């Protein structure tokens, strides 16, 4: 029976009670050597392996995952995709990513539920509208869709927000990117895994990297919980744990790990159609297809590798939520969890070569990782295959801090928890 | 309609003398005080209460507690509507109004019920495999999927109720008021320790209220009531009923929700609906009990199928007969107790179906007149909206199916300890093969489980463990246990071990579904599909099938699902592991998490001493970083924009007064104060005489501009520093860091004086005239008080610090007075200026004036600009051996000539309006994507020049002076680009004649 | 001395608010003032403490969160080598302290106008503080003659426990109205008399 | 909420403090190289486990506190007055 996913194949399999679906990806034992090893079986690592195979014909690749695929931030984020960035390197990179998202489900033959329902950033003063105008005009000049909305236009799109005057932060308007939206996070990991597997990539779960072997400045391979595996090239895509893994290769990074929490409400009939971001309150919300309100806030502000946070940030985030959505008050928060973020020193990612030959880094994603997944894999694959960055990641180098070429979207400076 | 299922007697929770009327789906019914909505519905014979999430199958009441997956209702109407409310946890009150959910048009006839027929096409994860064609069509498919999904409907209005927060600290927190919890609380409290006991139900007792057990001569319920009363008399113990411990966080901070007024129609005035307790406990005893698992067989989801523990609870706690004719199906001894209790309550028990083979060693329990079918299982059920009968067959070979009529099927698959909080605290779990459940293993030293929560299911064991846990936790924090708190001796009857029966095998040719997770409609076949496709880790199983992702978070489903996956993988259950329990234990009202920091109090408001005056005099108040400031003062018949232009023009020609109290003010004092400023600022401070002010720029260590402001030397070893409004707090902390961590040898103290001083700027050609009228004992002539002079004097009898500094570019004085005098000084200056036509002016006119002067502010100090970028490079000291920012500002990227640097822009045509946020490009009609040369940061209509002017950050900066570029505002449809000329940013009085005047 | 206008001048409206219990309001609130508040911040804590002693007759408390009183003046410990001297406005306290504190031992800063002060009393006062702050306000932990700096929500406050059921609460001036509203709101369930 | 034992004020909830990052990075001497300053400003060990970090007791005594905390479990191993640069 056809391996491809489609309505037809679904119907055919229904006749046999779905008893003949094959594995989505194999469960191979690690080989002693690979051309390329990708550390980290999250969206970025799996996408990198997929594009290595698809774009560069490199299929002798292993993705090593400590636990289960997508168990890191891929499966813990609030699934927002957008490219509404101010600074050119970010704008071009994330816009390329958004374009990949738009064709991703069909490219992978796996429905990643890419839902371009729009992303609105709310403005609460004229000066904030000016800042949004700055960002919006920059986006348009960079060829990215974007609209500046007045209060009435925001109200038409998101009628459920509080437009009364009895609020701390009245809504003046907003910045809308219609092509922004959400995608199904787990499906991204699974879809890339299945597609990479079908191109010959070995995806190896429950295989923790415990050491990185480097000899005279060149990477040799990795020690793992399943033995030593040699490789010509090794790429790490373990955002959240970059500091920890890079240390195995003797590298210190311009990164701190911080915990970011997310919450979901009980499932409800549709009430919010777009992604709404309330920057002043560090709050954003969207509604999942299951009907849950998916909410996020700011990081807990202290270094952490624990995938859980504390109540003060929950409290603050939900008060912020009620400040724009008082109707949420009687709804219930059903689940809360934390993810570990690579907070870089300028709030922008690091994708590129390292001082160690054959060892490449992909990290420093702050909160931006999920939406970057396809482009991150695409340019990381290029960087590994060609041993030089792709045009889209040439600015995201590790040495930009020494050179004074930080990409500081927020202007917060070298204070990771401020980005 | 009468309560035909209400028993004549019994019911530990209810008061038959107090009838209550309520509505379900508009139908008027009656219950009694003490009922839950679920028990009242059952008492009235209502069995169909909702529809399932995915297949919209008819569902009834499945449990009697917080684990309820099915009986979710919409409670209350209008702005107090609460979707997805568990009927089993709702205390009945007079006039309660509930409606069923996830059905249209009605509960009995639900069109989406079609999904059940289509289910062969909708296996787990079906949506990952389809809806990919045609391109971009997903949004359309999704539109319908979203409408089919979801459960209840959200209210749209503001919640009229209030939610309070409070903190509490204790030596021992006991969670759960069942037999173990009661003993633990008593034993701990008797030592004198500060104890908090919380229980999520209205009454203490836990299982004692739901079971027919004796403790000594008393019934369990009576014993619980007596102990509860005793606890109530202990001053060092706080008793919190109707209070759910929803989460356990770092350092023993427990989150509790007290449902203060959910049991009444509307909360009394000033009483919160719910109160959230933040409890910090030195020791914690988790006596959270256990939750029964269902058994999995074909048709195990019909209304009338119920947990055995629930069936017993409805009888003993609520005096309700959960059915008329029952079958009991169990893999453990709970079945027999259930059958006996049902029989005693007058329910005909048609059979006890025990999946275990009876043998000589174990034998079978005999119950008078109740047939026991050992080694049998229920293989299917019938009944569209409620159970009408079950088919029973021997397990394994030979399938002599026998049909048994019944309207109740009580099932028990064994117990699962409620380990959520243990798990929140990072505790691990171990699988117990004898008891067939996960029990707490290692965990936080200060958190321990007692009773059923720890796997001790016998009453006697619960009581004993509770007493021990209470005494030991109290002694662990330094209290000594007095003699005499011993648990009453209760002998637990020997139980035969349960026998694993994770799913009754499907019968050939029967397609009827076997549900693992009844809320999200996850079947045994779905688990099989996940295993087949490689989604074999627990987390993949959960995410791929949505097992345990519903409002009940899989309390009755997770372990069964896990066990099935283990079977399919041919591994032991521990090898498959268990999903991490995340807070909350049960869903928590968002309002209760937010508390009182909502509405206008979402973030505190900061007010200047002249706040009320502004409001009373036409000030349009706007928020800037918590502060409320007047944007402008609008006169009758004026628009705000006109007001701003009028005010700005007026300052250039006459005089005005603006409130600048929001500026950060820092007292810098000490023998090394001067050296400290030398190192903290980029420019030099060595030779500033007392009585003089100086403009300073602070850099970040990475070389970017951090903040700017004027600092004055008011005494030999004392400076008065000002910062921008936005950076007042960050600058102070930065200085504290430098003094405490980097240069501890410097003897300097820094103290915030931001709130100590009211500050106002008197600006305009006539400023001196006005000041001279009211100042006392100070010659304010240019000779005596020149530009950048700083003096102390009295003004209109009020102490003041007068600084001759200017943000506006006019002759100006920044005047500070102790805050409580602020309004008086403000009014005195306005009075003194009456003859000079003085006006108050606002934030925006101030902005216009500073833009005309080319002074940088927030939009230019964006954290990405260096001193050079802002045209302040010459100020940065080349001589000082060290200062913050010195060492990284020389990096090539910060010296690059193509950096964005400050320039002025004017419209070439002298009329076009320049707008903030416009992009600067080289072509009149740029092709997209195009190259940015920079952007406009601030604009104003210059009253002096009579046209629009702008400050901009442009690549190359001043080197482009004279060039014509284009300002592009793409956000405006058809917005044409505006030709602009690059000029010096100081548009007005570049030589500074006016301010020196 | 010139008339002072407190930050709460318009906010404090005498009356009884909230629940009316049989025992009367559980909370009594009145504004204190005008006060003189002077900070002494030491480079040499011992010399500074002694100097304060010379100036006021009682040495500054060295114990954490300690309070010493000298006549109408209270000396509150606000950090290592840091004190706030608080008294009803009457004399030039800052100059007095400056005379006694050598400039190489401590600095003196007048903060009289930087705060608004409330006297909060009543049987429910500790319950009220438990609603507003995260401190452990149990009498065994926070007894009379001690003080603590903490926050009400996002607003930093200084609490001075004078009596078992009596606290003085010092609020930052610019936040005073906002914080006062929060205090009254929290007190409603206990009943609250503002005088 | 974490409980930080301020060496000066006593045990307080962590929301009274402002996190100030790795306590082990020390500002180099003024004559140190640009590279040394870049390391100080940008590079972190970011270890997974015990971590020495600074917290500023913003709502309390306004002193920086050195907290020895396991960032994997959030368990605090000790607090002290910060060790200063020199």
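Residue numbering begins at 1 within each chain, and the chains themselves are lettered A, B, C and D in the order written.
The criterion applied here is as follows: contacts are C-beta pairs under 8 Å (C-beta built on N, C-alpha and C of every residue); 3 or more make two chains touch, one makes a residue touch a chain.
Fair warning: this is a prediction, and the values are worked out from it, not measured in the lab.
Each of C-D and B-D has its own count of C-beta contacts, and the greater count is at B-D. Averaged C-alpha coordinates give centres for subunit A and subunit D that are 29 Å from one another. Centre-to-centre spacing of subunit B and subunit C amounts to 32 Å, using the average Cα coordinate of each chain.
Annotation for subunit C: residues touching 2 or more other chains are 134-135.
Annotation for subunit B: residues 165, 249-250, 253, 278, 280, 597, 601, 603, 605, 701-702, 888, 891 touch two or more other chains.
Counting partner chains per residue, subunit D has residues 1-2, 13, 15, 38, 41-42, 58, 62-63, 73-74 touching two or more of them. In terms of which chains touch, the assembly is arranged in some other way, matching none of the line, ring, star or all-to-all patterns. Subunit D makes touch with subunit B in their complex at residues 1-3, 13, 18, 20, 27-28, 30-32, 34, 37-38, 40-42, 54, 56, 58, 62-64, 73-74, 76, 82, 84-86.
Touching subunit C in their complex are the following residues of subunit D: 1, 8-10, 12-13, 15-16, 58-63.
Chain contact summary for the complex, subunit A toward subunit B: residues 5-7, 9-11, 14, 17-19, 21-27, 67-69, 71, 75, 88, 92, 102-103, 105-106, 109-111, 113-117, 124-127, 130-138, 140-143, 146-148, 160, 162, 166-169, 184, 186-187, 190-191, 205, 265-271, 281, 287, 289-291, 308, 310-311, 314-316, 318-323, 326-337, 400, 402-406, 408, 410-414. Only residues 241-244, 247, 252-257, 301-306, 310-312, 345, 401-402, 414-417 of subunit A touch subunit D when the two sit together in their complex.
Across the complex, subunit B meets subunit A through its residues 53, 80-84, 120-121, 123, 126-133, 135-136, 138-139, 142, 145-147, 149-159, 161, 163, 165, 247, 249-250, 253, 255, 278, 424, 525, 528-529, 532-535, 537, 539-540, 543-544, 546, 549-551, 553, 582-584, 587-591, 593-595, 597-603, 605, 622-624, 700-704, 706, 858-859, 862-864, 888, 891-895, 915-919, 921, 926, 928-930, 932, 935-937, 968-971.
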